[in-house]
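Letters are used for the chains, namely A, B, C and D, taken in the order the chains are written, and counting of residues starts over at 1 for each.
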Amino acid sequence: MPRPLLIQKFGGTSVADPERIREVADHVARTKRRGDDVVVVVSAMGKETDELIRLAGDVSEVVPGREMDMLITAGERKAMALLCMALHEKGVAAESYTGSQAGFITDTNHTNAKIVDLRPDRLRKAIEAGRVPVVGGAQGVSTDHDVTFLGRGGSDTTAVALCHALEGDACELYTDVSGVFTADPRVVAAARRIKQVSFDEMLEMAATGCPKPATRSVEFARRWRVKLHVRSAFTWEPGTWVTEEEPSMEQAIVSAVTHDVSEAKVTVSGVPDRPGIAARLFRELADVDVNVDMIVQNVSDHGVTDISFTVPKSDLVSGTTVCERLAAEIGATGVTSDLDIARVSIVGAGMKSNPGVAATMFEVLAGNGINIEMISTSAIRTSCVVREDQIEDAVQSLHTAFGLDG
Amino acid sequence: MPRPLLIQKFGGTSVADPERIREVADHVARTKRRGDDVVVVVSAMGKETDELIRLAGDVSEVVPGREMDMLITAGERKAMALLCMALHEKGVAAESYTGSQAGFITDTNHTNAKIVDLRPDRLRKAIEAGRVPVVGGAQGVSTDHDVTFLGRGGSDTTAVALCHALEGDACELYTDVSGVFTADPRVVAAARRIKQVSFDEMLEMAATGCPKPATRSVEFARRWRVKLHVRSAFTWEPGTWVTEEEPSMEQAIVSAVTHDVSEAKVTVSGVPDRPGIAARLFRELADVDVNVDMIVQNVSDHGVTDISFTVPKSDLVSGTTVCERLAAEIGATGVTSDLDIARVSIVGAGMKSNPGVAATMFEVLAGNGINIEMISTSAIRTSCVVREDQIEDAVQSLHTAFGLDG
Amino acid sequence: MPRPLLIQKFGGTSVADPERIREVADHVARTKRRGDDVVVVVSAMGKETDELIRLAGDVSEVVPGREMDMLITAGERKAMALLCMALHEKGVAAESYTGSQAGFITDTNHTNAKIVDLRPDRLRKAIEAGRVPVVGGAQGVSTDHDVTFLGRGGSDTTAVALCHALEGDACELYTDVSGVFTADPRVVAAARRIKQVSFDEMLEMAATGCPKPATRSVEFARRWRVKLHVRSAFTWEPGTWVTEEEPSMEQAIVSAVTHDVSEAKVTVSGVPDRPGIAARLFRELADVDVNVDMIVQNVSDHGVTDISFTVPKSDLVSGTTVCERLAAEIGATGVTSDLDIARVSIVGAGMKSNPGVAATMFEVLAGNGINIEMISTSAIRTSCVVREDQIEDAVQSLHTAFGLDG
Amino acid sequence: MPRPLLIQKFGGTSVADPERIREVADHVARTKRRGDDVVVVVSAMGKETDELIRLAGDVSEVVPGREMDMLITAGERKAMALLCMALHEKGVAAESYTGSQAGFITDTNHTNAKIVDLRPDRLRKAIEAGRVPVVGGAQGVSTDHDVTFLGRGGSDTTAVALCHALEGDACELYTDVSGVFTADPRVVAAARRIKQVSFDEMLEMAATGCPKPATRSVEFARRWRVKLHVRSAFTWEPGTWVTEEEPSMEQAIVSAVTHDVSEAKVTVSGVPDRPGIAARLFRELADVDVNVDMIVQNVSDHGVTDISFTVPKSDLVSGTTVCERLAAEIGATGVTSDLDIARVSIVGAGMKSNPGVAATMFEVLAGNGINIEMISTSAIRTSCVVREDQIEDAVQSLHTAFGLDG
């Protein structure tokens, strides 16, 4: 019977200094001793990637991608070599592998390369020989034989991809938080850690403000059905499992309340109610890389309508510029923006079979004197835009109303 | 007519931070603009190599060579990528090359590899295409396809080897001092920078206390007749040329006074005057890696003799241990050691044709009340061991006596 | 009615970089906004104190205490100034205070000074004026007007002392773990975070292997009845309260299983059974700063006895040296030491009123094939020394047997 | 007879790491051993001040001056404590002094405070007791008892002020270059180090592009007649003395050729030739902190004139904005700017008694095909604005023409 295989990915905070690297090595050694095979994926130490990017900016305003990737990947090389040394000292045979040596073939899109093939033959041999491969995260070699970088957060992608390719049993993402919570504990003192959540729920939560794990890695895990375990490299206590929805899973109607204060609202007023106007607006916004999230179009009144949408605050200037130009062209009456909004969302797989959950949400908010400005829904999520200074009340009251207080 | 080709090597202090990297890029760009082709060799930034070695020591007492070389070479990768970025900004097409990409094939002796072959084909093509290759110093790839490191000071070796292989016109070693001096300016205020010195003189000077350039790189340069220019990356003024001896060179009788306080003296007394005793002593010292420098054996008296020699202070304990064991075996009467010694040397190609230089040296020292404890000579050098607290007087008086005061 | 006053202490990991400092400022601002007054105590960023101590060691083997304290306290000055800036940006009026400015008067024992007086008048005024004082941790000014440092972990002491002097409502110790656990989660996957624990239990746990909070700060808190809240600055979820024992507290018979692998065992055999022998042995061990923990003396047999005790592994050499010298003097037959031991302890306030708990512990260990080599007890703790390679089994089985699995 | 007193100031590069600090301590110890009293002034290590300013910027956009000065001065505290430790190890009794302890009283202008009083009583006592005071550069205490910072380059000011107040014999400014040169050695390979230069010449050179020493410290030295010795902390060779002009000084007609590429030219064309127009222009430029350097007004033609002036490139936008607004008001015909200019200057005390030097300069430039666009002169300096791409030719040809080639 084959031994179980775990992919253990350690982020920057988890390997920030020699003491932490030794502690991580201790944990890997313990896992190995208990009978699991392990492949380790490691990010650069602490804030080193940020520091390297800053160095590049200090040195030059022109940053050729080939050189940038040569530079950035030095961070993971350091971390993986050091972790191998620490593992040797714990008596664990370990070997470092660059992205190239681990078999990650990417396109030639420097600083944000995509994986086009993955051939982890050397890793398989190392595992069979009883060794622990330590792979530099977010790295590859391009089809042009240059060093490439998969982008920020790419170490999670490396780990999930390896778990898929090596048919691992689970992918453990070690980080500085102890898991995923029913709400942000800074806002809701009674927030609880969630033991298990489905891919779909996790995706909705990540998209509506839950900070970890990153949306992209959840997408990969969902596509390949790779079980994730989001957990702490500081307390080492069990964290949150992200898995396929199982019949046995307790179907909470609402699993979590998320919120997001990073967006602003733009409203184009008095838009002539003609076909194609909205399409043209959002096409032009897309063309200038404005990331539109929620969209609401009010009922037409006397042939004109108002279109409101939310964008990241950082995209607000380019977004309103597009709108103002277009408003002039199509004869809309005005463009206004609003920075003081926030979005609260409830997420839960049980919402599918429980009608009236959205209505309850609206009632709870109204009962707390909170006005709803925009609404959007999916099968397992309902989101409301409210005033930013009421967002903490909104999150707190929904957490209580849906029975999530611990 | 081919363009002249310069190899420019920049040490750690020269590229210690973004400001310095930009200044180095500026200098390379200026050199290129004036019509020279350039190949750059770059060390890790500032004290980064020390820092990486320290990190390894903090993480583990066991340091596998393969992982150590993966770790250390990350330093030069950073420096070379950053310098390329800075060159791009100055309008100079530049490309970074790892040791492997530059064609350095080494043996498998990790952390201190030797070059076994050098095939700089990619560099040649880049030069022909008008680009500036920026090569990571002290790196190679082993015959087993692993990353290797040439050891501390290996960047000088990389530069000299490339100058030889690419038939460069000169190898410029940029550093934080402005050249080679007639004596240590801290000791002799009137010390002057030397404009030109022969390989032989430079070797003797490096071996007797002159701190830069490193002995090993002078040996390489001498063997391959690679002209060195030791100069400052801070003032950028012309420094000291190290070249073959030319008839046109002004043959100063004494070119420089060097000194060294890093050695200790060991004396084995009452050694039976039998053949093979000395040979056995120095063989056993060599076997425990004790680096013996000067040796003096006194005239035998009544069938016994005294043998004195100098060793680095760091080798003193292992050196006296060997001597004491051997003294007991062969019936010598005692072993004493003396830490408070120093060596002063005069070096000059003109000594070959000027008898009496050594005698003058002894007279000058005697005239200043300085007792000579040991003497050794080569064709172009005479060294005396004196009391450590008299070394500054010795250097100062010889510098004046041989007409070196500026 | 006065506003509640919280002392919030942030350790090095919590303020390791600008992003973290901004997150901490956000939390302090939120606390203030909710109506609490806050005094912040801050440690040096990340590993800066270690780095400064290392710099000192790199520069000199001689480290005058006055200069060392000038050096080290630079770390907290940076952190407190930066945190004040971040608070200003969040709209919170904040002011930095050195130890001296905050009123910490210490003795003249540099690098490990003791507080002799605390006069936080300036802090009181700042609080009354609605400002947030940010105090550099572990600092003071000596009765000789020199800068002093309270030693490693001294920031906790600063916080507890301020909470006492300012009559604060609670002292929050923010760290990188989320609280205190029923066992080390690395060993026991089912370990749970403890919501509330008494000072006495916490002291026993800290003394027998629980890593945080530091024993010294628990002692201070217990003496002054300062309520501690040990919690995470990463997840911000509620952590573990350390308080006086209350009747309402659920009296678990066993609150936690702790273990410790940092000690070694020394046995002096064949000791003549005379009065004063043991006293002399432990006096001499104390004289050379050997920190003896558990002591067991076997029943005398034919007028001789064996004395065993545990010491930190780092004290083993000096401990056995003392024993060997003394054994020769008093006619003991031998001294042996054993590095491969470990100690497992159960701690719980409920043990006082539940006889038989120790017996249950011994049965559980025996039932798992684990031999007990030494035993020691207090009113609320029982500790057993076992073979080091059985310690994980011991902890796991006791955690289950005493109903602690979550 | 009192012992000579030297003030030795070491800049950031000179104390960048432990190895350098030990080398500096070695030099101070040697100076002391030779019979001089020494007061040391030390900057923060390497780029630490930059790093602290950057940290502040990363943490907050709002930077209260009081906190900024608390932050920045932490850098010098570290350096001075470490240097004291290194001196202790060399057997030199040394004591660190903050700006406040050294007696620097400043105004309350945080981040750029001015010295209002200097009472170095504690330093005097330390010197008399045979100790070496090590003073943190650029620091003081305000009349409001807060920590203050004298601004970038303030360590030179600290050193010069102490040399004046303590009646020191000379102020040695140790840096990473070996002195002041007859031209920038990057441009003129034959540039030579100047042995001695007068305060007046040095001021003109610093103002026209010579990078070190900073203009402000030369002004202080000139006002207080403090002899400066600008020299290298890397080679330790004698550098350049900046002193009062002495009759014995060889009066070179031209001492140095300086150049500056950091300025841009602005021209206001068709200005009505009325009194007060120019005054108004330069008043308004001054009001927005535009630093005007050279000014040329062409001969009026038909009642209109052109006014040209140079400003730092960084001031160009605000400068042209003012000009354009004013041009509209007064009826000038246009405003143009030119970034591609550079200024070359010749400086020499001998110019005062040698008419025709300026004419020679113009002939040399003309003879090399270099067009002169603007001219300005002082008693000992003549400057010409030329095209930026001809500046190196200009400097090179003037250096040769005035006999400066070494």
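By our rule, contacts are C-beta pairs under 8 Å (C-beta built on N, C-alpha and C of every residue); 3 or more make two chains touch, one makes a residue touch a chain.
All values reported here derive from a predicted model rather than from experimental measurement.
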Topological distance between chain B and chain C, in contact steps:
2
Cα centroid separation between chain A and chain D, in whole Å?
51
Between chain A and chain C, centroid-to-centroid distance (C-alpha), Å
36
Residue ranges of chain D touching at least 2 other chains are none
Determine which chains touch and list them pairwise.
A-B, A-C, B-D, C-D
Across the complex, what residues on chain B touch chain D?
16-17, 19, 26-27, 30, 46-47, 176-178, 181, 184-186, 189, 191, 193, 232, 234-238
Once bound in the complex, which stretches of chain B touch chain A?
18, 21-22, 52, 55-56, 58-64, 66-68, 70-71, 73-75, 77-78, 80-86, 88-89, 95-96
